[in-house]
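First, the structure itself, so that you have it in front of you.
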C-alpha cells in the first residue's frame, strides 16, 4: 500500500465527485428557466442515488470476482471486506476503500450524463427507478467488462478512463431515451434557448477541472503516466474548444461561448479512452478533430429528427467513439496503435465500440420501455408546459 | 515530518477554505434578492476576519499548551514558533504551519455557519465585532477542549472532524442569535422565498466537495483512516439527500431540489463527528436518518416560533447532535460504541453534547447581548425593508 | 523523481487551471449583462489558445536552454523530449511533463488577466491574434528571464510565483490596451455597473482557492516552503480584504462586497512574489497595505482619465509592484530583504520592477498597435452599443 | 369600463390582491416597474465610484372594472396600499372602450 | 387611434406577432406580466413551508392602431391567442389621443 | 390629465428623466419592455441552430401630466430621446380620468 497514491487518488476522487455538480450546472444553464431545477436535480440526486446503489451492490457487480468475464460476483456487496487496507483491492497500492470510492464517482457521473437527453420531460420517480436499474444492469457489466477483469479488457481493448464505460454507454442510453420518450412539446416550433449561459460555462469549467482527477487519477498512482494523462487531457480540451469555435465560425459566421464550452467538453470526452496511452501532440489532434466532429454530429441531430435535448449523443457518443478509435490509431505508451505498427489494436477498439453501443443501447432501451410500461416515463403535457420546476418539484428557481 | 501528509493536508486545507465561499452561495441563494450580497458578505468577510484573528491569537488559545484543560496558553500568539518544520506541531508528521492553517479553515467556516441564523437583519459592524469575539471566546475554548488537549478530548469524547467544535457550537450560537435579534420584519406574513436556488445547489456542491478535505483531512494523514472518512462522508451525504427528499415527498407530495441540497448538507454534518470512527454501512444509516431528522427539525421551527432564517439550528444543531450520539452508537474503528459493546461511549458522547450546547449557547448569548447593548445589533426597519445590499453595502446584486 | 511532489504539483496545476474559469466569472460579473459572454469568453478561450501555443512553442521559449539569458531555445518546441520522466526537467524532482503543465497554467491566466482592461469593446479575432503573439513575445521572455535561467533571475530578483511574470506583465499590457483602444462608448456619462456581483464573488472564491496551487505549488515540492507559501497567501488575502473594506468604509461610508472580493484578489496578487520568502506576520502587513494601495490606485484611474474597464492596472499593476518591492523589504526565508539587513535586495527588486514594466509596456503597445493596424482592434460603435454577446457571438447570456 | 392602474410598493401586492378578491374582483395583471417621485432613491458605490439610483422598485397593478365598481375599488385600494410614508404611489383611472375575453370571444362587461 | 392591450400566454407571443405582422401591423411592444384570474396558480414548497402562488406568467402586448383596423386586429389576435383553456387572457381597447414618432416628429396616424 | 407613454432606447432613460425633472415634472414610472418595429432584431445561434430575435430591448416611461403641460412635455421628450436612427420609438398620449395619491387620498391635478 502506498501513501502517496492513497492521498493522490482520494484527491482525484474528490475532483471527480465535483464534476457532477458541475454537470448539473452545465446542463441546467442550457434548459429553459422553468426546467432548470428539474435538470439540476437529475444530476444532483444521482450523486446520492448512484452512490448508494454502488455501495450496496453495483461495486461488487463491477469488481467482484469475475463470473465468466461477464459480471462480478457478490463478494463485495454491502462493501463487505472492502476496508482500510489493500486487501482484495484491484489496485494493490491503494486501500480498497480508496479504489472503491474513486470508481464510485464514475458510476455517479455516467447516469448523470444521460439526463441531458431526456431533460425537460421525464417524471421524477420513474427517472430514479430507471437510473438505479441502469447502474446495476448496464453500468456494472460495462465496467466489469473493461476494468473489472471482464472480456473486453481481456481482449485487449484500451479504455484508459472510460470512453466506453462512461461516454459511449451513456450516449447509447441517451439515444434509447430519445426514441422511447419522443420530442418535447413545441420542439421544432418554439425556440429552445439556453436560459443562463454563464451557468453553463461555469459548469464546463468545473468539468474541465474535475476531469484532471478523472483521467490523471485513472493512472491509479501519482506517476509519469498520471502526468501524461493530465497533459493530454488538458491539451485535447484546449484544441477541441478551438476546433469547435473554428468550425462554427466558418459555418454560422460567429464563434460562440456555448460552442467553446461544448467543444472543451467534447475534447475531454474524446481524450478519455486514450489519455494514458497517447502522447501530447496526438492529443492535440484528437481534441481538435473532436471539436469539429461533435459540432457536425449535433447538426446531424435535426436531420434524424430526434430530440436529444442537450446533445448527449452528439458529444459523448461521437466524442467517445472517435476517442476510442483514435486510441487504436495513436496509442504509443504501454500499447501500440495503428500508427505505431499495430493495426490489430484498431480492430480491437472497433469491436469494443460496436459491442458497447449494441449492448448499452439494447439494454437501456429495454429498461426504458419496462419502466415506461410500469410507471409511465413522461410527464403530462400540462406539466411539461408549466415546467418541471413547479410541476415536479413545487419550486421556482429564480425570484430575482 | 512526512512529505506525503504535508501535501495531502495542504490540499485538504485548500478544500476546506473553498467551503466558505460555497457556504456564501448556499446561503446567498436562499435569501431574498435584496439581501444576497449582505448574506454572501457575511461568509466571505469571515474568511478574512477569522483567519486574521486565528493567526494573531485564537490558534494559540486553541492549541497552545493547555491551561488546566480549559484553554491554550499564548505560546503561539502571532504564530510565534509556528514554522516550516514540525517543531511544536500537535501533529508531528506535519509542518507546524500546515497543521495551523488546516485548523484555521475550521475557525473560518464555524462562525460563517452562524450567519444563516441572523441573515437579512444584522448590522455589519457589530456582526464583525461579535464574530471576532466569538472566535476567541467560544470557538477557541471548544476547539481546545476537544482537539487541543482539553477536558472533553481527555474524557474520551469522540469528535472526528467537528460535530461539537463546528456544528453544535455554531448552532447554539445561532439559537442565541434568534432569541436576541428577534424575527425579520414581515416574518410569518410575507413569503420569504429563496431567490436563486441554482446558486444554493452550487453552494451545496462546493460544500460537499470541500467536505472531503474537512473529514478525510481530519485524519491528518493520507492513510486508511482518511480513506474511510472520505467514504463515510460521501455515503452519509448521499443517504441523507435521499432521506430528506423521501420524507418531504411523503409529507408535502413532492421532492424538492432545495431539499436534496439541504439533505446532503445535513448528512455531511451528521457524519462529521464519526467519519473516522464508523464504517460505511453505519454511515449510510447515520446519513439517511439525518435527512429525516433535520427535515423534522425544520418543521419544528415554526412551532417554537423563532426565526432562524436559514435553519442553522435545524441542520447543524440537530445534525451535529445526532451525529455525535450516533458516533457513540456505531463507533468501531479505533474506539467502540454501544453497538460494539461499549455503552460508556454513548454516555461520554451525551455529556459532550450537553456541555457543548450549554457552554456555547450561554457564551454566545452573553456575547450577543453585550454587543447589542454597546453597538446595537439590528438594522432599522427602513434599512431592513430596503434590503441589506443597498442599505448596508450600497450595492445591488443584479442588473440583469 | 519524487512521487509525492509529482502528485502534489499535478493537483496544484489543476487548481491553477481552475483559476481561469474563476477569473472568467470574476470579470464576467463586473461587466454589463450585454457583455458578459464576451467577457467570459476571453478568459475561457485563452485556456485553450494559450495552452496550445504553450505546448507548440512558448514553453520552449521560456524553459529551453537559454540564449544569452534573453530567451529559451527551441529544444522543447512541440514538447519534443518533454516526457514522463524528469529528463530535461527544470525541476528534477518532477516528471518533465508535470513541470511543463504546471507552468502552462501560468501562461494561461496571465493573458487572461489583461482582458479586464479591454473588456466590452474589442474584436474577437484580433484579440485572439494579439493574445497568441503576446504569449510568445512578451510572456515567454519574461518567464525566461525570471524562472528559465534568464538575466533577471540570475541578477537575484526574487519572484516566487509571478509578481513580475504574471501580474506586472499583464498590468503593463493592460495599460497599453487602454491607451490604444480608448474609452468605451458612454464612459463617464452612463453608469457602468456590475451586472451580477454574486458571480464576481464566486469568481473571487475560486481564484482564492486556486491561488493555493499557484503559490504553494511554486515551491515545486510538498515541503515546508509550500506550507509557508500557503499560509502567507491565505493571510495576505485575508488582510487585504479587510484593508480594502476598511479604507472604503472610511472613504465612502460603506464596506462593499465587491470591495471585499477585490481586496482579497489584491492581497493574493501582492503576496505572489514573496509568498515563499516572507513569514506569516509580514504577509499580514503586505496584504493589509495591498488592500489600501489598490483601492487608492483605482481611484487614481479617473484622475488619469483612462478606461481600464475592470481595473487590471489598479489591482495587478499596483499590487504586483508593491508585492515585489515588499519582498525586497521583508524577505527572510532563503533570501534576505532590507529589514533583514540586505538593502541590496530592495534595489534588485526595484530594477526588476522597472525592467518588467518598461519591457512589457513597450512590447505590448507595439503588439496592440500592429494588430490594430492590420486587423482593427475595436468593434464598431453599433456593435458596442448592442453588446458583444449578440454582436460578436450571436448569443444572449440570460433568458430568465 | 375603466382601467385602474395602481403603482405602489412591491410588498403591498399580495394585500391589494386579497382585498380586491374579497370584494369580488376576478382578475388583475401585475408587473414590476421602477418609480421616480418624491421618495428618494439611494446611493450605490462600485470600486469607489458613486452612482445615484433615482428609481425605486414599485409594482404596477392593472384592473379593468365596470364603471359602477370604480369608486369602491379605488377606495379599497387606497386604504390597503396606504402606509402614510412618501412613496405609497398613485392610482390612475383610464377609460376602456372595450374588453374581449380571448377564450370565449365575449365582449364588454361580460368579458371582465 | 386605439391602443390594444393583449394579455395572454407567454408562448403565444411569437404567434401573435407573426399574425399581426402578416396583416401589415408594423410595430408593437411586449412585456412580461403576472396575471391573476380564473386560471389557478400553483403551490410552492421550500423546506417544508408551503406557499400559494396565485399569479401566473403572462405576456402583455401593446399595439396602437388606426381606428379602422381595430376590429380586424382584435379578431386576428383573438383567433391566434385562443386555446380554449382557462387563462387565455383578455384584450383591452383604450382610446389614444395622439402618437408621436420620436425619430421624425411625425404625429397622428403617420406616426404609428 | 393625460398619460404620456414613451417607448424608447433603454440608455435614454436617464436623459429623459433628467430633462423631465428639470422642467418640473415630479414623478414618472419606467419599465423594461421588448419592442418590435422597423428596427431590425438580431440573429442568435446555439449549437449550430439559428434563431431570429425580432424583439429589441426598449424602456417604457409613463408620465401623467396636467393637460396644459402636455405639449411641452412631448416636445422635450422628443428632443431628448431622438437619435435620428430607426428605433427611437414612440410617444402615445392617453386620456386619464382621475388620479389618486395613495398616501394622502388627494385626487385630480393635486395628486400628480
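When the chains are written out, they are named A, B, C, D, E and F in that same order, and each has its own residue count from 1.
Methods note: a contact is a pair of C-beta atoms (placed from the backbone, for glycine too) under 8 Å apart; a residue touches a chain by one contact, two chains touch by 3 or more.
Since this is a predicted model, take the numbers as computed values, not measurements.
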Could you tell me the least number of steps, going only between chains that touch, from chain D to chain F? 1
For chain A and chain F, which third chains touch each of them? C, E
Report which interface contains more C-beta contacts, comparing B-D against C-D. C-D
Roughly how many whole angstrom separate the Cα centroids of chain A and chain E? 45
Gap in Å, rounded to a whole number, between the CA centres of chain F and chain B: 51
Centroid of chain B to centroid of chain C, CA atoms only: how many Å? 33
What residues in chain C touch two or more of the other chains? 4, 7, 11, 191, 193-194, 196, 202, 252, 254, 256, 258, 394-396, 398, 400
Touching at least 2 other chains, the residues of chain D are 31, 44-46, 94-95
Strictly by the criterion at the top, what is the full list of touching chain pairs? A-B, A-C, A-E, A-F, B-C, B-D, B-E, C-D, C-F, D-E, D-F, E-F
In their shared complex, chain F is touched by residues of chain C numbered 186, 190-191, 385-386, 390-391, 394-396
Chain A residues touching chain B in their complex are 1, 3-4, 6-7, 10-11, 13-14, 17-18, 20-22, 24-25, 28, 36-38, 40-41, 44-45, 47-49, 51-52, 55, 78-79, 82-85, 95, 97-98, 100-101, 104, 124, 196, 199, 202, 389, 392-400
In the complex formed with chain B, which residues of chain C make contact? 4-5, 7-8, 11, 15, 32-33, 193-198, 201-202, 204-206, 208-209, 212-213, 216, 221-228, 230-231, 234-235, 237-242, 245, 252-258, 260-261, 263-264, 279-281, 284, 333, 398, 400
Quick check on the complex: what are the chain E residues that touch chain B? 44-51
Chain C touches which residues of chain F in the complex? 11, 14, 42-46, 53
